[in-house]
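The data blocks that follow each hold one structure.
Two complexes, one shared chain (chain A), two partners (chain B, chain C).
Let's look at the complex of A and B:
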């Protein structure tokens, strides 16, 4: 038995395996948004199909679920029902808002007419809001506390349980 | 039907590999001709089961049999047949199946070629190979089963990752990488056998070295082919980004390179046996670590662990293999007693040691940079990444040091050298250093590291060419032979040595090409309207128009750019932006015009056919083409060294320590 080899080998192997074990549950694709915990960038955008612009400031006091979506995005179609359902149940406490991302206004309007919508979707001319929120792709959903802070960001299609968990966090977040 | 057949073959592979591994170890502990014979039979049976399982999958992919889960996942009626075949290794489960096929081929080839030559070692070696085979066939039977039956058979599938359909290199690169990665199992088994049997004789060492060199050649080619693919497909203008996937292939290459060199010291001096065996073990373990790190798709980092059960299983295998190796080394390393001793630093021996030190340091540097983000996240919960600056800053001095050692080492004699010998050996190559750095200066190189690389490269080039030329000159001038005959005879009687120096020559070229291309390129980003042009170096690039091309699986926007050099039209380059119907983000394909001096590399940033505007990233990359040429040279050298040598011409420098190795086949 060569003790030096044993000690050196163990000292190398055990931490390595331990680190890999810890890293096992990690999803390398998830990049945490630096905006979490910060004030949500303000916007004032015109809803699809006309009407006065809606600004973030005007929604103070209610939690906001801000969902960036597009008609060409398959996962957005998947989560459409989830969002519409949740908007009806949470409607009293939280405001749901859609933001159309890199899409034509009439295509989006036509899509909403066919699918039905439970909350306003805004048209982001020139993608300024998407840039301010650092949107990488769609769908991405930001959960904003009643005071206007971003509490959580969710990438990908939401399930009902994930949606309620995040929205609950946004509502509980008090300064 | 097909899923059942595939699953049966996988289960057969599990069975024969488990039983075969046990028979192998038993035959190692209690040697008997029958035990060895049965060990070999199980090795062939494992290979047959794996190859047949792969054949079944290829058939299913070609027949578009969507009742097979893997075909439903990656198959498509839209893609041509060659893409259907390539799909075998395009995704997680298929790539593990392909791994099994390559392992089968290696195990069968090694078993066949070694026959009954090393009776004390071979049963153990086959036992270790089949134990690895058992693990991979278990993966295929459970966590990563490609032959599951689809309950609802889809009419069509999505096809493989579009990035993999983009370039023909995708046919060559993954098999090459697998031949490198999986091939490390063979030397691992042989090294473990040396430890288990408690001896590493001259004859067995040669076997070990050859079976290490073969996967090393493939790994070398695979690493560069991967870089070439990235360069031709990804469109950012470079070929290496220190991505974990790239590091995963580089790590075992470093330790295997170190092992190939320390094995020479074992052969010449009978020292460093335990160290060499450790390096061989490490090379294999790093391939498994690499497989684990890259989500086991090896080159496919699209899969994350949360989606598959393969991560924990691979980690369990890695941990087992690591502990097995440490335990084996700790208990048996002292049995591999040295037969000689090392000379001091002023000898080739000393340079070999230094080379090993630098290579191992390099390995740790890359390993640390690769796993550091995991460490930080585990300890502090902060996400971070170790970027190029760390890797570049650390690897450049190490690479340059290796380059110099490649010149100094072979210039020195074996054993202790006198001061006069040292001067004679080390001073003349300074001419080469002066010539190379002079050329660099004249062509505008100003970066200190580039100039150092050129100087060391020139030094090593001169030593290498002299070592290649000397035996030839001997035959030409003293033997009076014709050039052709001298070439043939020289390489025939010293293939390994010559092969080694050819590899060195290729490596010098690669390092210089990397240094020059990464410090002396120029690039620009411009916005062009149709008809406008821009200048880059000697080129004038005129944006003619942008077209939309519709295909079954993608829509591409193609920019037509007319190229003229010094006023003369030289052709058209058409970089494109592809929108695959199954992908969210568009994928660009650059257009490259490769030349001996430099490449002209055009990549689209954005393009709009409606307004006929183009955002263009244009690069002049000097010497990149030489990286591919140099790799071919290295591969040629490796193959030359692998060809069976003419025994008569190779004087045995150490007596065979394993008389039993001479035993006749039963």
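Let's look at the complex of A and C:
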């Protein structure tokens, strides 16, 4: 075979195969959030069940686990107990917040009445918080450092160990 | 009774947090991400038209195959509303796309911008075509026995080609060629009127003619 053709062919095929190998190893549905490492978008939202609005600013100094959820989302139901349990365990160091995504306020409130709640859930009127956080679907959980920086985004239902690892990362994050 | 207690608990949790800093409801402000609006605030039909146009440049994050303008999902409706509000406030196209890109990544743009590795997306197909055409041209030119770019007859391992009026060394074959020329061109005896001297083959035949 012509040596030059062999070299040129290798130069074309090897990068293509490398790109394919890297691409096939990824989950095409997971898009890494560009917000990681950046300041968390600030908001002040009304909690379900009444009470004054809760702002992210007011939580500075504590790590925040911001969980976008919906009652129609089966994985959200699965992780509800995990989040509630962790909120009780980590309550002194971290604040858990839920944000209702694409759901009715009454439905979400009724769900929390039935399932119980260990932390406030906020109502995102117009979905502006979900847009600012780049939410693709639910559940998605953002781990925010005490300084207000997004340290990690977790897509899907959290297990206790995943939750602890990410929350630990948020607490250890340096400004 | 238990339900009432839970509602009280939820409200209590919220009140405990809210009491730290009583605030009004405020959604994330695009101004903090992309600065003050740099365009002209629109209203009426111009606002609707521009909102639709910009929403058409954004990918719906839920359905992914459709633009925000075309998608019927609840999230796309909310994104359209956000675009509408931003256009109404005077944000220009680039600011709006940047705002969404900041949270969703470049993925949210339906058309990848011309920057960085994205140049490959735009230039790659054209470059590939040019490279392919060059390779084919090169391959055709270097292959023996094929028609070259000037439309010349195929060469035979570098030997000079016989002229159009030449005859093979084999006498019986030469006589056959002459008869064919006579029938085809009407040349008397098969000899070209322009080259009456062409009676003998221009070169010696290879091998032994049988």
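Basically, the second predicted complex is superposed on the first by the 149 of 175 C-alpha atoms of A that agree within 3 Å, B and C clash if a C-alpha of one lies under 4 Å from a C-alpha of the other, contacts with A are read in each partner's own complex, and residues count from 1 in each chain.
Definition applied: contacts are C-beta pairs under 8 Å (C-beta built on N, C-alpha and C of every residue); 3 or more make two chains touch, one makes a residue touch a chain.
Since the model is a prediction, treat every value here as computed from it, not as a measurement.
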Classify the contacts of A:34 with the two partner chains as first (chain B alone), second (chain C alone), both, or neither.
second
Please work out whether A:59 is in contact with chain B alone, chain C alone, both, or neither, and reply first, second, both or neither.
second
A:137 in the overlay: touching chain B, chain C, both, or neither? Say first, second, both or neither.
both
Partner chain in contact with A:116 - chain B first, chain C second, else both or neither:
second
Which partner does A:73 contact after superposing on A: first (chain B), second (chain C), both, neither?
first
Does the superposition put A:9 against chain B (first), chain C (second), both, or neither?
first
More residues of chain A are touched by which chain, chain B or chain C?
C
One more residue to check, A:19. First (chain B), second (chain C), both or neither?
first
May I ask you to decide whether A:125 touches chain B, chain C, both, or neither, giving the answer as first, second, both or neither?
second
Do chain B and chain C touch any of the same residues on chain A, and if so, which?
31-32, 137
Going by the contact rule at the top, pick out the chain B residues touching chain A in the complex.
274, 289, 292, 301, 304-306, 311-312, 315, 318-319, 322-323, 325-327, 329-331, 333-334, 371, 374-375, 377-378, 383, 584-585
Give every residue of chain C touching chain A within the complex, in rising order.
3, 6-7, 9-11, 13-15, 17-29, 32-33, 61-62, 74-75, 78-79, 81-82, 100-105, 107
Taking the touch rule as given, give the residues of chain A at its contact with chain B in the complex, in rising order.
1-3, 5-6, 9-10, 13, 16-17, 19-29, 31-32, 73, 137-138
Across the complex, what residues on chain A touch chain C?
31-35, 41-55, 57-59, 95, 102, 109, 112-113, 116-121, 124-137
